[in-house]
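Labels run A, B, C, D and E following the written order; every chain starts at residue 1.
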């Protein structure tokens, strides 16, 4: 991969910068000079990328071969990697809202934490967040019935409210704790929570294979989820192996062969999604 | 001594339009039919007024204040326009035009009251009706997380529990009234059934009701402190009613769960329509907060939290809403119209307003006007200026002008027009 | 500014001009016989089509219903953001465009008059406020009558005089233009969660039938001599087999005498939705041939298409029970809104899909209606915006009407049901520019009774659309060119002012609002007011004083005077 | 007939005539090897020859825990039939009756999509056993290979099956025959051959223990029987059968039949089998069955299989 | 002595009346600068009607006058919406635009000094 490095010239802008141009799709095929001239939005002003970043490195001929490294904290930059289709972006710090929103392919790695709406309505690709995620991770934008439609988001830390709202396909793995309303309106897709799951998990979840798996503690389930059984389903082994092998979550293997409590709901919407909670001990 | 009849009250979302106001020497001396708050509003409208335009606390001419306001807004990168729920629609329209012109964000106070109601509506829709439909038909009325006795004082008599109408000539005795709240308010005395729910437990209770209405059993003894039997019976009563209505307030929108509480309520009502007729109506607070949403929607497509920084409207509550923009320190200038966010927003947001150049348009002195860089007095809509206001159920009513505003004081819309002209140069 | 439009191929059906090359003169906003060239700006229209400005008699662009649609669908707006320009405001488009954008986009297509077809009287101010923010086009709105308490009361009492007085009063109170009826009786029943299923069902709570409501209102309309006929959304919309209800409805008003100067007594709106045959979704087929047969043999009916477009759109109608049904069919989000004493509405997002057999049949039905009814003066092109699809797709519909090839190509892409369950594949008729001019401007203007609209004769408003397409070289196989030309007018002229150049809006004046002004005999008015006062006091939640729309809401108004009683 | 010699044993310079068959590899896993094998054996039972069975099936090999998708011990089964279409029914029935019913098992696709010539919707059909309570399991949309599974509730717990199973155009009817001086030596040689063959991936030996003692020939003197034992190779009638092909000194013959997912595997399996067989004393000759090249698409010459070894 | 309660805020009719007289009016201030406590709870922290209490949450603290009412159950407290109450709330809206102002956990104890006046609040705000 050819590496393009963006060094922030400023830190901690109070008015965030909107820079969907930080994406292999936009950068690939351009000259460094053209990359510097890319338009970014600061409040109501249109400015260029080079006013905020030093641009160096190489530009690839196509997005598949493009790696963009953002060297530093850019919690003040929104839309990094939004709608990207291929290539890779590494952020060596925090990133702002809408990171990787509506992306369809490629990979984004954030070494710090991200703001709200990361991976919102994404359809493909992989987002790894080493720190925490904000609210509405992988969610549907307001009004839309469809959230995440594919791809994988792995947050090593915790995730905020309404993670995976309206999810249809794909996988979200929360290494830490999950805030309330995780998996609301799910209609397909899988969410793993390794830490503590807050209440209202899977609220208004419909079915269609929607699945939330809790490997940690669960605060409380809605009264509209019905307990079925405690068992050791075979399919769980496949997911746990995937977590271990594809995402490097070795501790997932500890849960292979463990028993799970199976709940179905949300009866409030006549749904038959599932919440599987690992049996303690 | 002019006596104005059928005067519309510009206080709450009820927009009662049967007031009689007596004006003597350009002063209101008597109000009939009004509630306590309404009467206070009319009788005291001349008190605590902003008398002159102010710049940095010093009095200035209107021209100077407008020019200063325009300068502030023109040089801002992330200006916020906020308020608008207590003015008429013409002013709201002008505020939107200004926001568009300066590439700013426009938000109205719905964002901290029924914003969650709108978010929920955008996910699920809603089944609603005008207040008269409830008056004429409802045989079951549920007040959930709202207290009309404190906030919408004539609601019960004019529109709901006590009102008599086409199929409810018996008034209160033709209806079954339920109140649901986290504490025993005075509504307990009004209601046939008072359901006390654990704070923050509304979502669970509404969900449980939904499941029961759908025909599922409930295999827990209680939900959010409400015994199973009560839930089963309430669900049955809902299904058996001929026309049911749920009124809800900030007890649902501002508590844990926010828009999801409303989704649960909307869903419950939608499901009930498979059994009978059922509606849900938000108790909108400020008299024209519904208008602020309505006008913003027809002009921009979105009801509040609209960002024009990229030349076209974008919408995202939580990102472009006033509380967020201010508490994150994002807004670098603000124009506050007919609202007092310093008194009502969380401290961190209020503080930001004190830090940045803030322009305040208000008839009265308020906490916000006390911190404003530029303060411009305005005519009180519905008393000194006319215009449209939208009732909580979406009915547009024309506010009346009963008297002249103080010398040199203009309505919001006109001041905003002056600022627009100044910004356009 | 005076204008001369030189050398275009003019289509002015009302004046019998069919593609002749001639010049059009506009002075002080009106068409005149002639003008000296030095007194006017000259627009060279040679090689282009010149038509009167388009007239849309049925498009939901203003008021609570479309605004609920806007409110409901941020995801729809995000598809089509519209930035501000030097002359135009920002907004959003697609299926629920913001008011400004709706005005611009109509003008960009050469339309200059648009009618909002469903105004709940209580929300009349709202409609007018939105119309005032809808720039360029002239407009009006039709108040809803079919489920109004007073209408039902007077129909029940058989008191046609009071009904007429009430109509006259409500037209003035709401500044409305025509009698709109939506699912007569059904919407009232819906307030109890019910509906009516046929013309002779009894309305819940009132001892009247839909048939009585329709015929009484039609009779009152003609006796009053209102400019337009009743504007009717039939019962049983969207129900398989409903074409029979539609024909029965048309038959019900057969013997009503039209007012002088008009042959028709009923306009059936978005007929496509009411032309379904078969007895279930599975056996659904087109009822268009039967309807066309009836219309072809009776002079008293006009209708518009409600053409379906294959896209994601937002359905909205005053027909609450139907929207509830649609909500249950789709599982999409649903708004219901009942208006006390008067009306109701529902909003449900909907996607017409090419591979859905029902949608494919619906698509074909719309076109069948347009092509099987011989007289283009009695069938008008609409999509029932945004129900069948957004109005911005009109050029596509025009292409389908003008080109069998365009239709065939679409038919090959969609579910075979369109071919098997309708007669569209067997229809060879293709509209020419003259017929397009009839169905999109001349005829709607005529049926609305707007004498200064829809033609280019002296005295007409200076509303002209110029499309960059040469009709002498055009062949039906070139349908893409016609779609392009009608999408972006070369020029749109409104009231003598150039509004659009090369498809871009260059000026945004405010259009005028039409309403029908009928004087009521004093004694009758007195009696009516007594009744109204009582009704308002007992059942309404706003006072009668605050009900009528004030002049402040009509910055540019054109009351159409009607002598209702002689 | 020319002869070659391998390890001193005569090898006829002839060919095995093999056919185009579609094969599908099914991976069965279970709590332990015992139950994986049990299911596999049930599933591959009565599946020797399409002459009278609905398919030809056999166990390919056992799979260790790190070779299976779920990390449990497994058994790979390959099922063959004449066409893609005729492969579906036997798979649905056999998995439905032999694996779904067998405690702790799960079924996975054994031929990844990129290697497969077709994907068969076996799991998708079997899901109806869940009577509406089956759950679709998805893996990898938009980031890994997209896979679908069905989870079907059963009394013991849950049966998991992959939605689509890969099938390939393979080869059936690869064979060789071992001719020995007596039953003992011939059987031992055949056993060793089968053992060797099973070290080759992608092949199965569908007959009992991999061996077919009857052989078969097309047709019979009875109109109702479309195949009979391979009479020309039956030592018991070697002098009374007019066209006997049993060499002198040979008193027992066993055929080893091999089906494989491709021709190369079959070829390799034949070679490995022959090499093992000729190690046994008493084996006189190796040959192969063919029909003069009239019936099968593939002619696998023993000479080619054995390459330079034969002389 | 300190107790933990669930804090509710909301409008009151009196606050509405006061607000319409003027935000700077005495009546308005009086209508919003109090906390409604159950008498039992008040007793536990040793405050009586009309005495000052200190209310604190994770997000801030404020001082208000104590009002006693049997209408409010033990373990709960109510402060009318206004400039005293708004010190206590988390501005985080979790992607909704609305902060959580109902059902917040708060600690209550007897205050050292008197509640701040509106002017004092303003002064502090201006920094």
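The criterion applied here is as follows: a residue touches a chain if its C-beta (ideal position, glycine included) is under 8 Å from a C-beta of that chain, and two chains touch if they have at least 3 such contacts.
If you're wondering where the values come from, they're calculated on a predicted model, not measured in any experiment.
Visitor: Would you pick out the chains that touch chain C and also touch chain D?
Guide: Chains that touch both chain C and chain D, as defined above, are A.
Visitor: Return the chains common to the contact lists of chain B and chain D.
Guide: A
Visitor: If I average the CA coordinates per chain, which chain comes out farthest from chain C?
Guide: D
Visitor: Which chain's centre, taken as the mean of its Cα atoms, is farthest from the centre of chain E?
Guide: That would be chain D.
Visitor: Of the pairs A-D and A-C, which shows more C-beta pairs in contact?
Guide: When A-C is set beside A-D, the one with more contacts is A-D.
Visitor: Report the chain ID whose CA centroid sits closest to the centroid of the full protein CA set.
Guide: Taking the mean of all protein C-alpha atoms as reference, the closest chain is A.
Visitor: What is the distance in Å between the mean C-alpha positions of chain A and chain B?
Guide: 35
Visitor: For chain B and chain E, let me know how many angstrom lie between their CA-based centres, rounded off.
Guide: Distance between chain centres, rounded to whole Å: 22 Å.
Visitor: State, to the nearest whole Å, the distance from the C-alpha centre of chain A to the C-alpha centre of chain E.
Guide: A distance of 39 Å separates the two centres.
Visitor: Which chain C residues reach two or more other chains?
Guide: 72-74, 333
Visitor: Identify all positions of chain D at which a residue touches two or more other chains, and write them in rising order.
Guide: none
Visitor: Would you give the residues of chain B that are in contact with at least 2 other chains, written as numbers and ranges?
Guide: If we look for residues of chain B contacting two or more partner chains, we find 119, 122-123, 256, 308, 310, 315, 317-319.
Visitor: Please list each pair of chains that are touching.
Guide: Pairwise, the chains that meet the contact rule are A-B, A-C, A-D, A-E, B-C, B-E.
Visitor: Using the touch definition up top, name the residues of chain C that touch chain A in the complex.
Guide: 72-76, 78, 332-333
Visitor: Would you tell me which residues of chain B are touching chain E in their complex?
Guide: Of all residues in chain B, those touching chain E are 11-12, 35-37, 40-41, 44-45, 47-48, 107, 111-113, 115-116, 119, 147, 149-151, 153, 182-185, 199-200, 250-251, 253-256, 258-259, 285, 304-305, 317-319, 321-324, 326-327, 340, 342-351, 354-355, 364-367, 370-371.
Visitor: Can you name the residues of chain A that touch chain B in the complex?
Guide: 14-16, 18, 41-45, 97, 116-117, 135-136, 141-143, 145, 180-181, 184-185, 200, 203-204, 222-224, 226, 266-270
Visitor: In the complex of these two chains, what residues of chain B are touching chain C?
Guide: 5-6, 8, 17-18, 89, 93, 97, 100, 118, 121-133, 135-137, 158-159, 164-167, 242-243, 270, 273, 276-277, 279, 293-295, 297-303, 308, 310-315, 386, 388, 390, 394-398
Visitor: For the complex, which residues does chain B have touching chain A?
Guide: Where chain B meets chain A, its residues are 76-79, 102-104, 119, 122-123, 203-204, 206-208, 210-211, 214, 216, 218-220, 223, 256-257, 260, 263-264, 267, 308-310, 315-319, 328-330, 332.
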